[in-house]
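This report concerns only the one structure given below.
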Amino acid sequence: MLELNGISKEFGGVRALSNVSFTVKAGSVSALIGPNGAGKSTLLNAISGIDPPDQGEVVFAGERVNGLSPMTIARRGLSRTFQHLELFGDMTVLENVIVGRNARTKAGFLASGLRLPFALREERESRKTSEEILDYIKLSHHRDDLASNLPIGEQRVLEIGRALATEPKLLLLDEPAAGLNMRETRDLGELIKRIRTEKGITIILVEHDMDLVMSISDAITVLNFGEVIARGTPLEIQKNPLVIAAYLGDEEA
Amino acid sequence: MLILKNVEVFYGKIHAVKHVSLHVRKGEIVALIGANGAGKTTLLSTISGLIRAGSGSIIYEGSEITNRNPDAIVKMGISHVPEGRHIFKTLTVEDNLLLGSYHRYSLKRSTLIKKDMEKMYSMFPILEKRNKQLAGTLSGGEQQMLAIGRALMAEPRLLILDEPGTGLAPTIVKEIFSHIVQLRDNHELTVLLVEQNARSALKIADSGYVIETGRIIVQGTAEELLSNRDVQRAYLGRDVDAEVKI
Amino acid sequence: MGRGNFMALALMLLGVAGMPFLTSGSYALTVGIFAGINALVAIGLCILMGSAGQVSLGQAGFYGIGAYVSSVLSIKFGLPVALSMIAAMAVASFAAVLLAVPALRLKGHYLAVATLGFGEIINVLLNEWGPGGPSGFGDIPHLTLFGYTLSSTTANFYFIWICVAAVIIFSLNILNSRTGRSLRAIHGSETASIAMGLDIVALKMKVFILSAVYASFAGALYAHYVTFISPSSFNLFYSVLALMMVVLGGITNVWGGVAGAIIITILPELLRKFEEFDVLVYGLILTLSLLFLRKGIVPLLIEKAVRLKGGSGARA
Amino acid sequence: AAPDTIKIGAIISVTGPASFLGEPEKNTLVMLQDQINKAGGIKGKNIQVIIEDSKSDETQAVLAAKKLLEKDNVIAIVGPSTTGESMALVPIMNAAKTPLVSCAAGAPITNPVGDREWIFKTPQYDTSAVEAIYTYMKKHGITKIGIITISTGFGDAGKKALQELAPKMGMTIVADEKYGPKDSDMTTQLTKIKAAGAQAVINWSVGPGQVVVTKNWHSLKMGIPLYHSHGWGSKKNIELAGKAAEGVIAPLGRLVVWDKLSDTHPQKALLKKFETDYKALYKSEPGTFGGHAYDSLMMVVEAIKAVGPDKKKIRDYVEGIKKMPGTGGIYNMSAKDHCGLDMSAFEMVIVKNGDWEILK
Amino acid sequence: MFTVFLQFLFSGLTVGAVYALVGMGFNIIYNSTSIINMAQGEFVVIGGLLMWFFTESVKLPFFLAAGLTILSAGLVGLLMERLTIRPLKSADLLLMIMVTIAVSILMRGVLMFKFGKDPYTYAPFTEGEPFTVAGAVIQQQTLWVIGVTACCIVMLYIFFNKTMMGKAMRACAVDTTAAKLVGINVSRVVMISFVLSAMVGAIGGIAITPISLMEYDKGPMLAVKGFCAAIMGGLGRGRGAVIGGFAIGILESMTAGYLHSGMKDAVALVIMLAILFFRPAGLFGSVAMSRLRKF
């Protein structure tokens, strides 16, 4: 599904990513963990084209996508959420999701302004799909609330819902559990699992909550100082001394 | 050291904090636990003066600080690490830390403050490496470290922490907590702590309060709370019912 | 379109239809005409700023292009006025693309200055190369539609306000649709919009064009009604005035643009009796109303209405 | 107002960029109204001059005209102050069949006369002022000139007149420069004019710009004379420019130099009264522009005196005015000329010792 | 030829110095609030007109008059902030900017009421013949203007970069909540920034009036030019406004000199647009920084 070859990225002297390569299997949940500043968010930006890499190749669904605009990449079926929530705060929950449908709809200024039949049809359909998504992520009761008025936990879920509306093949989640309490984190884990199994969407997850990471991922990649220091299943990673030293710390220290 | 008596806070018509009274003793770490939207952030912001209390009184070291301006409250030795970090995004890391010491800054003290900055750098080495970088370009976790470091630069006697662990790697959270414990033990720092991970918060705390929809519903020592079944079920992630079934 | 909008539109049309019977003579109608012309500019600015979050201090440039191009084509090339108006809007769209190229990279104050610069450049060009130079030129023909020449004030009044109504409907349709949502999304978060697959470059470009088309249409209407134009009607002062209209009326709602345009047009007329002091009183009124209205008149009214109904009301 | 007052409208740039015109104009109108009424009005009826501020803006001028015509039912309108505003009113006045006597100078206001049936103006033609300057220059052997004009309607009209008449009168314009109404330094333009080898500079503007040009001209020690337009005619300009104004020449209406006229001059008595009355009332000088308002209003008043408050009759009377002394000159209107002044309205005036002096 | 060039340059410097001062005034307020204060031009006008009032009308000695003028302007800045900016608190930025426009209209109304529409001027700081440099003439007052500008530049540089107060001001604009949390009295800092920028504006007015005259409605033009200068140099950057101001002044002068004076404003603006195209945050502004800020 996704193949990274030698991704490097530098910010004025700071080497945020150096020669990162790995592949993500279709239909899996892959976690990306590592200390603060390891380059995880930078990597997600590189993959989604928001901040393209200096070097290396991103192959998505068999095609090279680096160099393409984030918009094009999104339309090819790659969607994401953000570490610092990036919701459209002045819009309602439903509207936020409908915007996600934009990648799959067409009506422009004239068609909308003149209410051409196809635009109206499209509008009805996006509304319907979006409401279904709200049901799916269990936010229907907030349908007409402003997104900025939701508690953080639900905002994180809403971002996932908005990303789902673009009908992605690959979903990148950047710290979706940050600011969530235990119960919400558990619900989030369930949601991610459902998205994987019911919708067959491949997921890359960046997260510091190890309980969540260990319980839902198939494979884990560990970054440190912009380099991949380990890859493996949750069990392997938990035992890896390098990872323990760099990131996990001794259990119950 | 800090006493809240019947504090109420409103957002327009929303009654966010209802008749809250609590007591933080000098040299104690007090944990405040509650679900999302319970009113924790609101309460902390009221203490530090960012939000005005509707009624009630807040007494700090014997003097009334209810609805004082935040800058006056900072000068009295209360420092607040807010939710959402609120670092100065377009200033450098160094300037952020320096501004932390704003209320005690004077030319005479500048070498002293330099030294304090070194301390922060040794606590968060990554910040030193990034010291000329604009704070807004730091990674999420680095920003959180900066927010904590900036608050410590004020040399507070009471530190208010609102979810300091958010976005931080597990090792760092542990480190920060052990620092806080050290500061309490060696410098009599008093801490009011809100943390989503209630278990780890209660582990370092001396006492705790549980707040739900704006009301304090349980209070006690940390041990009491850790062993309270309702608290366990609601906030410590332990599925008591399931365990019982097994 | 929503009930609120429908009712507002019906009310507006009723008012327009009744105006000529309620007032004697053409003074009030003339004020109404200018209010309508300003409303067109303000609606475009509302969409540009309120929805898409793009500041513009250059609307006078488009307004001027509309007036000049249409006038010149109809006088010098003898084009039918309706045709020259369309050509003027085309030229303004082209200018909007030219402006959008640098403007797309800018935001906030930088965008404000870039658009301001654009408006001023247009103004200098009109001064230097426009027919009549700074003194302007006259004898511009009235608009003729289906063999009927709009020379009377009443005819112009009706025609312009019908245009305003059409533009309002068109704009509301845009705003309550995929396009409008996309614009608001860009305003909310550009990063997220890109990640959602929005073509923000094209969208911003098009919204600039839309506001330019509205403003140039207004400019052409102005020229063919007054029949005399000079560059001083299309300077920065007008751009600022347009901005004042939308902020005062409420930037987030096209009705805000209409209301603001009406108020800003009528206000100086009401202040005539203050003579010398009108600038002072005008400034005072503006300052106070901005201080007390904040979100603008229309959003405030909607809020009031919603509160009266005591529930979650219709969004505009 | 009582029903037997005669209402005359006035549209004046009291505020806005052209307010330096509007200020003395408005003062003059108010003063004249009071004087006339105190003297018993016109055949026992008081006059009321309803002054509307056009804010130097054409749209506002149009609205003001509509208001005056319909709400106040005025029988004639005096003003506006600028050419653009006057032009914008042409169709309105023609449609309303009400006379307008403009206080602006632009030739297109009254030309072509065929389309300007109801429009008159009192300020001298720009071409007349240019003619006066060129004639004087030729006498003094100057043929190569540099011109510098303000980028407003006033400056533009002057520029066109200067360019149009230059070949006819044997002048060559070697440099043609501009500046904006709020510019604060014109040394660059003047340097260029000097470098182009001009024998004299002509500045065409009103407002503070001409003072700045004068100061710059002085400090550059350009060594060639500086001429101003008829917009220079205010003592205030000499005061502001200080010693830099010494030696500056301009074609001015006789208002500013009335005390230097011979007692037999037909304008003298009128000018003297106007100037002294104005000074007594407002502690400043009416200047050329106050004079325009004086002439415009007086034409209407004279007409009403003669033929009564009837729009058509007023128009016909004004068109028939002959040998009427005013502040701007001696008016001779006709069906072909709705201004009625020529070059003879001007004197060439030089600044000497901080005062005006008529050149022979 | 060189003489002519030099003369153009001097002219550009004279005009540019004022743009620079106005631009710096913008920066002071921008740095502490993110607001662009459209009444900045009126501060310059107040400086010029009050100085006239105190020297010519009240006949006070120069330094006393200048001091009083600067203080009065500061007071106007203070009143403006307390009466219009402070009540708005955390309102939308655009609204605040519109309020400053409304206030500028109000100020013009008051100035017109008090001073009328006539231009004013007074004697240059030092009387005497202009200096001649390689054939080009430079007035003494021009040197004063440039000198005063330079002093302001240096003082403001030290203030913003070397003092804690300066840093605190910048902090206020970035994040008010955060500023409060580190103990900054945000309301006072904002007030100080208005006072300071009013004073800087007034100083500009005092210096320029003997050269260019001053009238009640000169403000908007100065504001527009100063705004362009601040943007061209990069908002918030002291040296940006200075370079921007001089660049615009010199560009205008050179265009007038070598191309055509009618196009001078347009050419300067076209070049500014070109600069913004390649450097969207101005000459000295950092794109990274502007990305982190909404305005």
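Labels A, B, C, D and E are assigned to the chains in the order they are written; within every chain, residues are numbered from 1.
As a working rule, contacts are C-beta pairs under 8 Å (C-beta built on N, C-alpha and C of every residue); 3 or more make two chains touch, one makes a residue touch a chain.
For clarity, every value in this text was computed on a predicted model and none was experimentally measured.
Asks: If you check the contacts of chain B and chain D, which chains show up for both?
Replies: Neighbours common to chain B and chain D are E.
Asks: Which chain's centre, taken as the mean of its Cα atoms, is farthest from the centre of chain C?
Replies: B
Asks: Counting only C-alpha atoms to place each centre, which chain is farthest from chain E?
Replies: The chain farthest from chain E, judged by C-alpha centres, is A.
Asks: In whole angstrom, what separates the CA-based centres of chain B and chain C?
Replies: 50
Asks: Using mean CA coordinates as chain centres, what's the gap between chain D and chain E in Å?
Replies: Centre separation, chain D to chain E: 36 Å.
Asks: From the mean C-alpha coordinate of chain A to that of chain E, what's the distance rounded to whole Å?
Replies: About 47 Å, centre to centre.
Asks: Averaging only over C-alpha atoms, locate the centres of chain C and chain E and give their separation in whole Å.
Replies: From the centre of chain C to the centre of chain E is 31 Å.
Asks: Going by the touch rule set out above, which residues of chain E reach two or more other chains?
Replies: Expected reply: 112, 262, 265, 293.
Asks: Among the residues of chain D, which are close enough to touch at least two other chains?
Replies: Within chain D, the residues that touch at least two other chains are 15, 17, 151.
Asks: Which chain B residues sit where two or more other chains touch them?
Replies: 137
Asks: Can you give me every chain pair that touches, using the contact definition above?
Replies: Between chains, contact exists in these pairs: A-B, A-C, B-E, C-D, C-E, D-E.
Asks: Can you list the chain B residues touching chain E in their complex?
Replies: 48-50, 69-71, 74-75, 79-80, 82, 86-91, 95, 98-100, 102-103, 105, 134, 136-137, 150-151, 154
Asks: Applying the document's contact rule, which stretches of chain A touch chain B when the two form their complex?
Replies: 11, 14, 34-38, 40-42, 83-84, 151-153, 175, 178-184, 186, 208, 210, 247-249, 253
Asks: Would you tell me which residues of chain D are touching chain E in their complex?
Replies: 15, 17, 19-20, 22-23, 148, 151, 177-180, 182-189, 191-192, 195, 207-208, 211-212, 215, 219-221, 236, 240
Asks: Which residues of chain E touch chain C in their complex?
Replies: Per the touch definition, chain E meets chain C at residues 30, 36, 84, 87-88, 91-92, 94-95, 98-99, 101-110, 112-113, 220, 224, 227-228, 231, 235, 262-263, 265-266, 269-270, 272-274, 276-277, 280-282, 290, 293-295.
Asks: Help me check something: in the complex, which residues belonging to chain A touch chain C?
Replies: Contacts found on chain A: 48, 50, 69-71, 74-75, 79-80, 82, 86-91, 95, 98-103, 105, 107-109, 112-115, 119, 122-123, 126, 144, 162-163, 166.
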